[in-house]
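Across the two complexes that follow, chain A remains constant while its partner is chain B and subsequently chain C.
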Partner chain A sequence: MAIAINKGLSLAHDIYEDRGRRVRELRKAGRKTIGYICLYPPVEIITALGMVPFRIFGNMSEPITLADQVSTTVVCPFLRSIIDLGMKGKFDFLDGVVGAHTCDIGAGIIVQWRDYVKDAPFTHLIDVPHTDHPPAVEYFAGQLNSFKRHLEEYAGQKLTDDKLKKAVELHNTQRKLVRQLYDLRKPDPPLLTSAENLEVLVALFSLPVEEGNDLLEGVIRQVSERSDRPGRKKARLLVWGPVFDNTSLFKLIESAGSSVVVDDTCVGTRAFWADVKAPYDLQALAQRYLVDIKCPRTYRQAEPAETKRDYDKDLDSRFNYIKKAIVDWNVSGAVLQSVKYCDTHGYEVPNLRHYLDTLGIPSIYIEHDYSERSLAPIKTRVEAFVETLG
Partner chain B sequence: MNDLASELFFAGIDIGSTMSKAVITDANNVMRSYVVGPTGAEHRRRANRVMEEALGKAGITLDKIAYIISTGYGRVNVPFADKQVTELTCHARGVASLFPDVRTAIDIGGQDAKVLRIKNGRLVDFLTNDKCAAGTGRFLEVAAETLGLELNEMGRISLQTDTPVKINSLCTIFAQQEIISRLSEGQPLPDILAGVYIAIATRVVKLARQLRVETPVVFTGGVAKNPGMVKAMESVLGVPVLIPQEPLITGALGAAILAREQAFQLIQRGEYDTHREKMLSEAYIEYGEGSG
Partner chain C sequence: MSETAAPAKTEQKRAINRLKSMYPLRNLVQQDYIDTLQASNEGKPTVWSMLNYWEGDLPLKAMGLNIVYPENYSTLLASTGTAEPFLDASDSDGFPTHMCGYGRSTIGYSYRMMKELGGKIPPEAPVGGMAKPALLLGSGIICDARFKWFQALGRYFDTPQWCLEMPMMPTFEGSEPDLEGYQVKFLTREVKAFIEFLEKLLQRKMDWARLEELIDLAVRIHETTWQISELRQSVPGPMHSTDFWSSMPPSLFFAGDMKVALQFYRDMLAEVQDRVNNKIAAINYPEKYRIVFAELPPWHSLKFFDSLAEKGWNFVYESYGYHAPKPPDLSKISDPCEKLARLSRNFIFNIHEHARADNIGNPLVEQYLRIARGFKVDGFFLHPLISCRAASAGLRSVQEFLLRKLDVPTLWVEGDIIDKRVFNPQETLARAEAFEQTMGHYHKVRLSKGLDW
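Our next item is the complex of A and B:
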């Protein structure tokens, strides 16, 4: 897929608006698409077996109407939205779904997919330990091996070392290109808006990796040369939190007189910051996914043998990667957002706010129920927060 | 201060969910007039009326107003405002102008409650209740309707007791049912009313504790006029609260103070347009915007 010059952003926008459009075409041509939920199923294995990994997101503008039959409203609304869309046939272009025990509901959702979403010939759940201790990494590598064997069986072909190596290289290239894309928001004003950035990332999760890489190269070229750059804003913000797959929040924050220049969310940096390291085997994948991805779903507080807790050291070991982003992107404030009932992220918030306080970075915490409507009352709070930064 | 600046006046207009407020100040930050009127869907459109009345009371004309800042829930709907600033920033400035040492401000409005942390007269952190009428003026209105009482009557009666009943539910609708069942149990009216105030105070103080309460604490908003509410707030907080003479207008006052600051900055930079056309007009209202 060649990207015409100056078409990168508009192509990303089109895919963002209709995520299934490319994989539907590919499916007609006989290519299989495997949907995955959260960041933990290794996309390299799917790519290496000739299939397209497609990250499953919900839809904040689609009211949840069917999922109430299978779970109550105390369940994560993002994951409920996914099941709701699945029950409505919105993912009928997927040949299979793989999930991971990222959190309890994240695992439960795969069971629900089997039970309530029809036309899913392949489903698989990867168990993911909740610490990054060495025996956990060992166990996780074993889980990846089971997934590999199951998918080999479905694909009717073996995963050779060579195929895996090629796939890892392609995905590592994508990660490198995304980091270059983020570099374009280091200048003041940034060269692209956070909403544009998100549209590109969501498009990457909807395309085969090679096509995503072409798109990225096109976007980077286009943005580096563009004349219609965003204007300079009063504050440079970092957005933190669980999945945010919709541009609405970013538009809301940017309309309040600030730029979002970097993030720590699982649609953004968390998905692309860590490469798989050589040798490109299952052990290396286990290390990348369980240890190198920094998501609060993995408990990384005390050292395994440490019994006495040093609070400041603990905070630093959990969050110092955020400190680096604050310095590199010249961040002046942080918006911590979470979807309601996300206990893994909720647990981190008071500690993270304290850590940001010690860095002199003001922060605000907002909660939404994964619907565009729930963002409207947040607007005043975000505006007031930006006013305090003045 | 140059001559131009000394003759100027400034206005803040606060369009809240139930009340609209306007304040006019002069170059020395002295309040020249204020007006408080009901909002409602129709009234909110008439933001110009509140402004007109305030001008009338101050005895000045609109062309003498150098800068107008609108704030509050309906701030975006005020066409004659030069700038919009959130009610959080404005309340903080207004409160700090009356109580320079203030560290915590608690404001309970018609449909929302907010807690502000203030340092050196500036807003540094805040929390608001989200999309629920519990712990707001609306909660009191529902209770008053349920009991067939006037709001100010309710406060007075509640002061007759030191043994408030416990209202367990913080949800406005459930609390209404609870009030009815307490009544049918034969609990004395003052005890029930005092219980209602304690319930609201508990809800708001819970919010305040998340920000850590530092004294002095200032209590504002229409609800702060109610002696029953003030007593409950002090007993739940465990510290006395300061209340402005007119607790409804701190947001509009803060907006006027910011308007003066803004105008002076423009004058200093030589960017102030003395010949701009000024006209009061009705506010436009977009219905259906999802906001609590």
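Our next item is the complex of A and C:
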């Protein structure tokens, strides 16, 4: 039975609270469910083979206990949380898990999954090059082909061009709808809170793409017409950083007298800003995932093989999409957040703050260990920061 | 466990029986720093490079560039006790404190050089310091920090950068039949692109004959170091880990003149072979326990190994990541870029076949099982580092697999490559004493299961 549609925010909230609900139903009805970690496994291939992609997150409320037996504590606590939940059987509704070498620790998760979780009969790791050099894009397309071939074997069917095209169109539609959802936070006050926005996005990562698109259309219609809008706040903020899949941080920031109107995180805009461009083949997927997604895990230069380098030009080439968001959403300050032990984001922090300074955007950097407990001390800092925004 | 006699001759009894052939190899890297500074004073460019497992080192050398390796230099900062102010400088400039200790010390060094001293080398820097870079060569091999920290150095240096590529894959995906072909093609194109970039930057052409010559030398150096590694399986262990760490730069990143280094390694091979023939141990005490160290050592506390040697602990081998494997046969390859691609790729992918045979998903974990069997290891000293994800992340799996599959126990001692405050030698020595009983227990367990050590 298809999920009831157009219930808007309340449906998104329900799914956010019980992410596996719909996937369990679908699995019971015979659909294969494929979990994926991080942004880089191409969901289009999973959808095109008739399977349900389900993005795997951790749980900030659940203490990490079992994972400490197989993982050191000085690595990303988000990824440790995922393995912990896996070892506790919390992903037993998944038929497979796909990872990508988006960072070293992230790549290791698939191996740990094979060794210590073992629920899923299908596992695969996609190697992701470190640069966007043209040979790297071609190599990455080869990696996507390996993944496609492996998943075809598991699915017992071939991925045709038509199936892939249809899946790409569905996911591109979803991306377009999410961008429309973000547009609803351009007014002042915004039409929905950042926590509501995140609940919708997390729900999308928990549903087949068609159902997610229905949900989005319902939410956009509901929010556009709503009368109970959030009130005007002192500051309009951008939140930057790696994965943040829990509304607690957004609620904390908004309780400090500000609205989070846009983000640059991998649960938010990074996942939805770039479309796959025609022709909808593996090369186009490689271009979208490796080149067009703007994550610090990929090394980029202002110009290919530049022999003269300029710091400001380099920063602008890497971060000007943030500048555009600042203008389009009328941002007055930025909260840079990162989970502890994240190298790819950590090295970025002083340089991004410098870039924001040049744009006249004040910023604050906060670090947490992916637990709700670790957010409490941050509140005072955020309040003080918002106070300075005048 | 083994119990062997101490060497007959010990003039002044030092706990570790250092190889004489180690010293000239150790000096090569120090001489490199001095030569690079000299060259810089003469107006020649200096390259700061990450370890790149040779695909970058050899083109740089063939172009006659002077290279320093901040990772290696950071070990000097740690061992001379001069790292702390640089770590503080990195923190004060806004970099998170949980980042790689090598990265933080390099960032702090750069901050001090460019923000406080107007481009001059910090006078407190050991061995004269590192000259200002004309090129920053990052690498995607093994850890994210290797390219992110060099990218971050753009904050201090308006210097051209390049990031070298290397596929990184676990056992199953890394063993796919058609993988080698398109990986080699990818890496060959990357090496060509890098060389074209160097030619554009330096406004001169690559000396291809020189590059071929260096590749040939690299292969011969690695054949020699590989032979030394094989000999180290002997009982008693003829070469201590501290000797390996001191002598590894000329094979790990080709420090010094490669012809000279090749001769020094041949001298080392002869000395190790002599020790094997005469059953001379790497410690001046009876070898009671054969230990493997994983991963990077506490550079600031290397004297600690003397205390363990006095207890009969012989560190007979170390992590895979610093050893060049047996080089591939490149004799039928004509394109030097493809030779380089294959030489570098071999470091990552030569171990996948073993891991597949052992049905272990992480080939690096499998290496420890191979080492445990081959070297008849009594115990592993695991040293997870608070600031190095790459070296620490898999160690719990290593611990678990060694015990489950081979009944080899591990001593888990947290520490750091740079920050000496997190390593407690006294407490570790106390734990080592208890660990001896553990090793004794598992020795009996292994024998009862039919294993031969």
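Everything that follows uses one rule, which is that the second predicted complex is superposed on the first by the 380 of 390 C-alpha atoms of A that agree within 3 Å, B and C clash if a C-alpha of one lies under 4 Å from a C-alpha of the other, contacts with A are read in each partner's own complex, and residues count from 1 in each chain.
To be clear about the criterion, contacts are C-beta pairs under 8 Å (C-beta built on N, C-alpha and C of every residue); 3 or more make two chains touch, one makes a residue touch a chain.
Bear in mind that the values here come from a model prediction, so they are computed numbers and not experimental data.
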Which partner chains sit in contact with A:Asn351 here, chain B, chain C, both or neither? Use first/second/both/neither.
second
Touching partner for A:Asp310 - first (chain B), second (chain C), both, neither:
second
Touch check for A:Cys266: first (chain B), second (chain C), both, or neither?
neither
Thinking of the overlay built on chain A, is A:Leu125 touched by chain B (first), by chain C (second), by both, or by neither?
second
Hey, is it chain B or chain C that touches more of chain A?
C
Examine A:Glu367 and indicate which partner it touches, taking first as chain B and second as chain C; both and neither are also allowed.
both
Quick one: classify A:Thr388 as touching chain B (first), chain C (second), both or neither.
first
Which partner does A:Ala274 contact after superposing on A: first (chain B), second (chain C), both, neither?
neither
Touching both chain C and chain B, counted on chain A across the two superposed complexes:
367
Note which residues of chain A are touching chain B in the complex, please.
362, 367, 373-374, 376-377, 380-381, 383-384, 387-388
Chain C contacts chain A in the complex at 93-96, 98-100, 103, 138, 140, 142-145, 147-149, 151-152, 154-155, 158-163, 165, 167-173, 176, 179, 182-183, 185-186, 189-190, 193, 196-197, 200-201, 361-362, 384-387, 389-390, 392-397, 400
Quick one: in the complex, what on chain A touches chain C?
68-72, 74-76, 101, 103-105, 107-108, 110-112, 114-115, 123-125, 127, 129-131, 133, 135-136, 138-139, 142, 146, 296-297, 299, 301, 305-311, 314, 338, 340-341, 343-344, 346-351, 353-354, 365, 367
Give the list of chain B residues in touch with chain A in this complex.
73, 85-89, 122-126, 128, 130-131, 289-292
